[in-house]
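This report refers to the structure that appears directly beneath it.
Chain nomenclature is as follows: A, B, C and D, assigned in order of appearance, with residue numbering initiated at 1 for each chain independently.
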Amino acid sequence: MVIRTTPLRGHRPALEGPGFLARADLQILIDLLRDDGRRVIGPTVSDGAIIFDEITSLDDLPRGIGDEQAPGRYRLRRRNDERLFGFVVGPTAWKKWTFPALVPLTVATKDGHKVSFTPQPPDSSPVAFLGARACDIAALGIHDTVFTGTAFIDPDYAARRARVFIVAVQCTNAASTCFCTSMGTGPEVDGGHDILLTELDGGFLIEADSAAGHVLMDKLPLRAASATEQYGAAATVAAVRARIGDPVPAAGLPDRLLAQLDHPRWAQVAERCITCGNCTLACPTCFCTTLTQTTDLSGSESIMYRSWDSCFSPGFAKVAGGSFRSRPRDRYRQWLTHKFATWWDQFGSSGCVGCGRCITWCPVGIDVRDELNAIAPAVPLVPETPIVEPVAATPNDFVTARVVATRQETVDTTTLTLTGTDPAFAQGSTGQFAMVALPGFPPLPISISRFLPDGIELTIRGAGPATKAMCALQVGEQLGLRGPLGNNWPLDRAVGRDLVIVTGGIGLAPLRPVLHAIVGGRRRFGDVKLFYGARTPADLLYRDELERWGASDGIEVSLTVDRAGPDWTGRVGIVTHLFDQAVWDGANMIAFVCGPERMMQATATTLAGRGVPASRIHVTLERHMECGIGLCGHCQMGKYFVCRDGPVFSIGQLGDIFGREGI
Amino acid sequence: MNETAALVAALNTSWFASGLSEKAQTRLAELGRRFTAEPGTELFREGESSDTFGILVHGRVALRTLVPERGDITILTVEPGDVYLWSALVPPYRASSTGTAIEPIESIIFEGAALRAALRDECELAAALYPRVLVAVARRLYATRLQMLDLFATQQVKEW
Amino acid sequence: MSTATKKVVDERLYEVGELTRVEGEGSLRLRVRDGEVIEARLGIFETPRYFEQLVVGRTPDEVIDMVARICGICPVAYQMSASHAFEDLFGIRIDPSSRALRRLFYCGEWIESHALHIYLLHAPDFLGYPSAIDMAADHKPLVEQALRMKKAGNRLVTILGGRPIHPVSVRVGGWSRAPRAAELKEHRAALADGLAFAQETVKIVSGFTMPAFAREPRVVSLRHAAEYPFNDGRIVSSDGIDLAPSAWRDAFSEIHVEGSNALHARSLDGKGPYLVGPAARVALAAGQLHPLAKEALDATGLADLIRTNMYASIVARAVELLHAFAEAIDIIDAYRPPAEALVPWQSRPGVAAWATEAPRGLLFHRYEVDEAGRIRSAQIVPPTSQNQAAIEADLMVAAKEVLDLSHEAATHRLEQMIRSYDPCISCATHFLDLTIEEA
Amino acid sequence: MATHATPAVHATPAVARPRVGVVKFASCDGCQLTLLDLEDELLSIVEHFEIVDFPEATSSRSEGPYDVLFVEGSVSEPAHLERIVDLRRRTRHLVTIGACATAGGIQALRNWGDHDAFRAGVYAHPEWVQSLARSTPIAEHVTVDAELRGCPIDPGQLVELLTALTTGRRPQLRDESVCMECKRRGVVCVMVGKGMPCLGQVTQTGCGAICPRFGRGCYGCFGPREQANAAGLTRHLQMAGDRSREEVGRLFAGFTAYNEPFRSMVTELGGTRTGRTGTVADAAPTTGGKR
């Protein structure tokens, strides 16, 4: 137990300007924070490095210890002084406490046909970060935007973050790997903290920057800092800035980088890169995660965990049939372009704070600064803004819905009619999807094939275990839903225009609501043509509705199949074949396209040839999705999260990333 | 109007010929003649010699091929305005599939020897016609490629 | 075999094609003609893996990782014999605290291995079940307690070595990482619980009815003045052998027998088979047992039976289980992390040899090390090779006891007899160095 | 006896109590022992699965058929060749467990050596000993439905595989590097922080980063991960780490050496014996214990 006798406390009038705290009295600061019921997290020596961990006393701090850092190399060294913060950022990032590596999100239980999903409360016990540097604070700011700055809030992060008290420390040295100056995040601490310390020979210059900070500061045994001390502090930090210089000139970097997607250097760095993922996990801003389920043997209870993942892992961008970024070079390019370029489009800032962790902790010493300078010459490029935000939903929050009807559409495809869905679905609109979960299975994005007053329909093709399990659901059974998610088909833009709908296979499901909407208000649209392709006549979905749309609803329905027997007198050939000779005036036309990516490319090309402007050719994309709201990072495509900014995009929006390999 | 004018008019409705110069259209009309058939009519048979070039004006023609043990498989249906028969331009002037009218059809057909002679002697006509043929062939090729991809097949994901 | 084809009056063949509830693949074959045993054979057809060749050219630390893979049940034993052998040759003095951790490590493996054998492999024989799984249907609490003990042992090895099977932290010169005192303290309660049930276990197994059997074998084990034998002591026998732990070859050697991929160890003095393992250790080192274990042993009053009735080895094993729990707790209570978990060392050429006590008995390693500190040749003598001759001698004795039983009962009885040795056949396989036979 | 609780919705409606077998080829038995080491789950496992064949644990035997067969060990003697094919015929899900079954095991180091010399070097009468010149993974002989890596396998992954089976989902076995787990656990990288060579970057995750947690480099017992850039790591260790070819080769010449790309590294760099005699020797004595 610590005994504190500080005559000054409580009696001293609040200081004007910075105070001076004797080094030994830092213990008092620690004790005060702990008395507030906070765990104090600070630097301490462990396994030959200075990590962040819970500390209780000054003795836990690395007194008189500094570090040497270089690409792929980190060593501690004795300093010839008693400084407690005479080092630079180490392997640990503060996200360990605000965004832990492993978080239980939801407990799902199954009892007969009843299922339930219970969100897990975050551990929000108060903590204090002692020794956060400028770059660390900038990193927290970036996470604030990612997790709480858009329409979507991550409740776990929000709760943890709200309980952090930050004691910042000015950098009085720099490592060879630092480049905060280039990223505009440091070395000077500029806001985002409660208390700021600058270490001097005898102690600390101390300033408060928040109400809580001032309250605490007033309890400390301080004297006013002398002008010399203030000048000394400022001079040291200025010296640090000078030492770092400007290793990565940042002006126009995003555009320069995106203009070099085909640079040979990507392949060269992939020779050295082991794609181990260390850079992304050491990075204080990387936020990609993956869900895993742990189930008891009876399958009656399963816990859904969220854990750190990395775009460098081959499995990260996997969908049925392979990975979207099959080559290491694709994955390195994804990481670098996201961090330094497309992050701007998503969150209005760079994703890098220049802390240098990815350089020091790269086992093979790849230096991101060298790669950037080698790859990105000055070429401008015009960024575009993402379109409408869909309805919000948190990643751990499932609503259970009940199956009231099932319809076998084809041999492998079933339509489920669900009730008891989230009221939000009543506001849902065409093209949106839901994250659908069964206990023990990873949640899957399924597009909504019909909106009903008291529920929705999902048309699911049983391809993998989870989808097969969903197709096998019987009337009365339950499943978990999140949503509706994603944006919608821009029907408003189709009003008064000729609408062409081109789709294939299961792709008709997300467009079915569009057709319902059209039938509901047919007069608002010009000619409406539906071109629908399937593998064989037996694979056509919604046959009765196709019949009706064509016969009585004033929609020109053209069907084609890839192959058929002689008894089929309809068309045979790919779907574009249905209109690639049509002599159209594309000028007043808008197109909605959904199907396999190759088919959409063929269609887009043909439509463009008919004179339909790229901005009015809309496609819906499929990517690996886990959170559905742009928090897990799986579905990134260039600057977009397909789940949040899509799934519907115009060809104009996508530009040349549509159909490019490895994006 | 006279037969030629009528054929020119018919040609103009077709995607294939509408782009051609008036001169080329007229010349084609002189070379071609109108042809009609009832649904079910077999227009040409896979492997048999078929020294004709044909442009479909109305109706639909199914191109089929016989696969042992699977029977006749329709590989493509040709829409109005497209070329449905070009074996007259490609030695050995045999049909590569069986063409059957699945609707009442009307087409314009050209006798092979005459057409080839004209194309050989009249550079202007050849220069006008061949690019259109090439586009038709290229498009057919691309479509076939996509069909081969079997895009809508269920990707059977491995159970484990 | 030609004899098999001959027609003879009352020839009986007892055969178990694949022994079950033993570690590895072995077979049993016993032929009795007119009441006379004419063939008794523990066949071992475990596939050879050539470890003694694989380690040639490798460094001592690599050897420690490699030889662990000889046996999934007693990897610690292999790491112990190897590390001690090299430390002896290189003149390394490890931190006393590191030495205590090595004993603790062994306690963990003994607990895991003995609990596994007593309850999951052997007890079903006495209680009449094909397996502990079936036994659990009627004796669930018993099996659950046994699993808790086993877990306590595994946990101990895991705290020290990262995982119960093929742990990673043993290095020549000590440990790549020594545990914090708190890590061990956290586990104390589980060990105390295990200790209590181990005491119970001694009572339970000494209550089992032992089939009649009488043969007093020579016994061999390590003996240490102050400690129950784990990593240290002298190799002694019931008839006067007394050697340094590095000098096994002064008294013993191995031979290759047809129909077996393992080798028989024999003593050079020609006095025939000898026994290693729990029964041998209890016979030779009962004096060094932990007071709690000694007390429990005396309470059973079976000390003599253990020496003469192989089936009673389960009692010896239970007593050692108890000892391991008791000593583990003592070590944890006294534990201070080593000042230097890993002491620097430099190789020197020569012969590195050492014996330690694996759960199943004496385990001897011998390596020739070259100037570069790489292995030039290796010899590894596991307990089961040494017991093999004794097992076959005991089959002779057991045979007489089973003649009146039904063929099936007799066969089962013989298999049970073999199980009493806790044979570790993966270990037993492929350990012979040609040069020895020539020597 | 509790019945299995496989929910009705399952993709592959599991039969009541899947029949499970455990068999071994050339191995140390450690992986099958891992099943017995699931002390907390064992009794529940035997409620949900019918253990029909498991010689190490029970005297009751079965010839199958098996819903799940766990295969331990490598194919390394003539009899194994027929046996594995025969077992495959009687098995629905064949799961290989451990480095021997998935990579040939440590005994596959003999694949670089002279087998006859090895045999003669160990046995007085090599002619009595049946063994193949190469020790090979099960997948080299029959189709494998799932594999659990590791020397030994990880208990957690084993439980995940079993629950995946009762739940009907695909087992969630990550195909990422050991580094990922190392970082998630906040372990300080031994390669960057201590200059120790470590195979974690090129090795499949699953162990929980045990070796780095215990202050040493990963020795790759879970085998090469998908697209492992072993060549890149080798270049770095030789150039930046200033290590000899043979020293780097010995890193790969371990328990999963026979799986590509480790195999190519060993062949290219050496590190294991390539003949009966002669040790690959550096001039200087071996040292250890240094941090």
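By our rule, a contact is a pair of C-beta atoms (placed from the backbone, for glycine too) under 8 Å apart; a residue touches a chain by one contact, two chains touch by 3 or more.
What you see is a predicted model, and the numbers here were worked out from it, not measured in a lab.
Among the chains in view, D has its Cα centre nearest the centre of the complete protein Cα set.
Two chains share more touching C-beta pairs than any other pair, namely C-D.
A separation of 55 Å divides the Cα centre of chain A from that of chain C. Chain A and chain B have Cα centroids lying 52 Å from one another.
Between the Cα centres of chain B and chain C there is a gap of 85 Å. Note: centroid distance chain A to chain D, computed from Cα atoms, is 35 Å.
Among all residues of chain B, those that touch two or more other chains are 159.
Shared interface positions of chain D, i.e. residues touching 2 or more other chains, are given as 11-12, 170, 215, 291.
Interface residues of chain A facing chain D in the complex, by the touch rule stated above, are 46-49, 51, 72-75, 91-92, 96, 101-102, 110, 113, 271-278, 281-282, 290, 292-300, 302, 307-310, 313-315, 328, 360-365, 438-442, 462, 464-466, 468-470, 472-474, 477.
Interface residues of chain C, counted against chain D in their complex, comprise 18-25, 47-54, 56-62, 65-66, 69-73, 75, 92, 116, 120-121, 124, 130-134, 136, 140, 143-144, 147-148, 150-151, 154, 161-166, 168-169, 171-174, 176-177, 255-256, 258-259, 261, 342-348, 370-376, 426, 430-434, 437. Interface of chain B with chain A (complex): residues 15, 18, 60, 62, 64, 71-77, 79, 81-82, 102, 139, 142-143, 146-147, 149-157, 159.
Residue ranges of chain A in contact with chain B, taken from their complex: 320-321, 412, 461, 463-465, 504-506, 533-535, 539, 560, 562-566, 568-574, 576-578, 580-581, 583, 595-596, 598-599, 602. Chain D meets chain A in the complex at residues 2, 4-12, 41, 44-45, 47-48, 160, 162-164, 166-170, 172, 174-177, 179-180, 183-189, 191-195, 198, 200-202, 215, 225-229, 232-233, 235-236, 240, 291.
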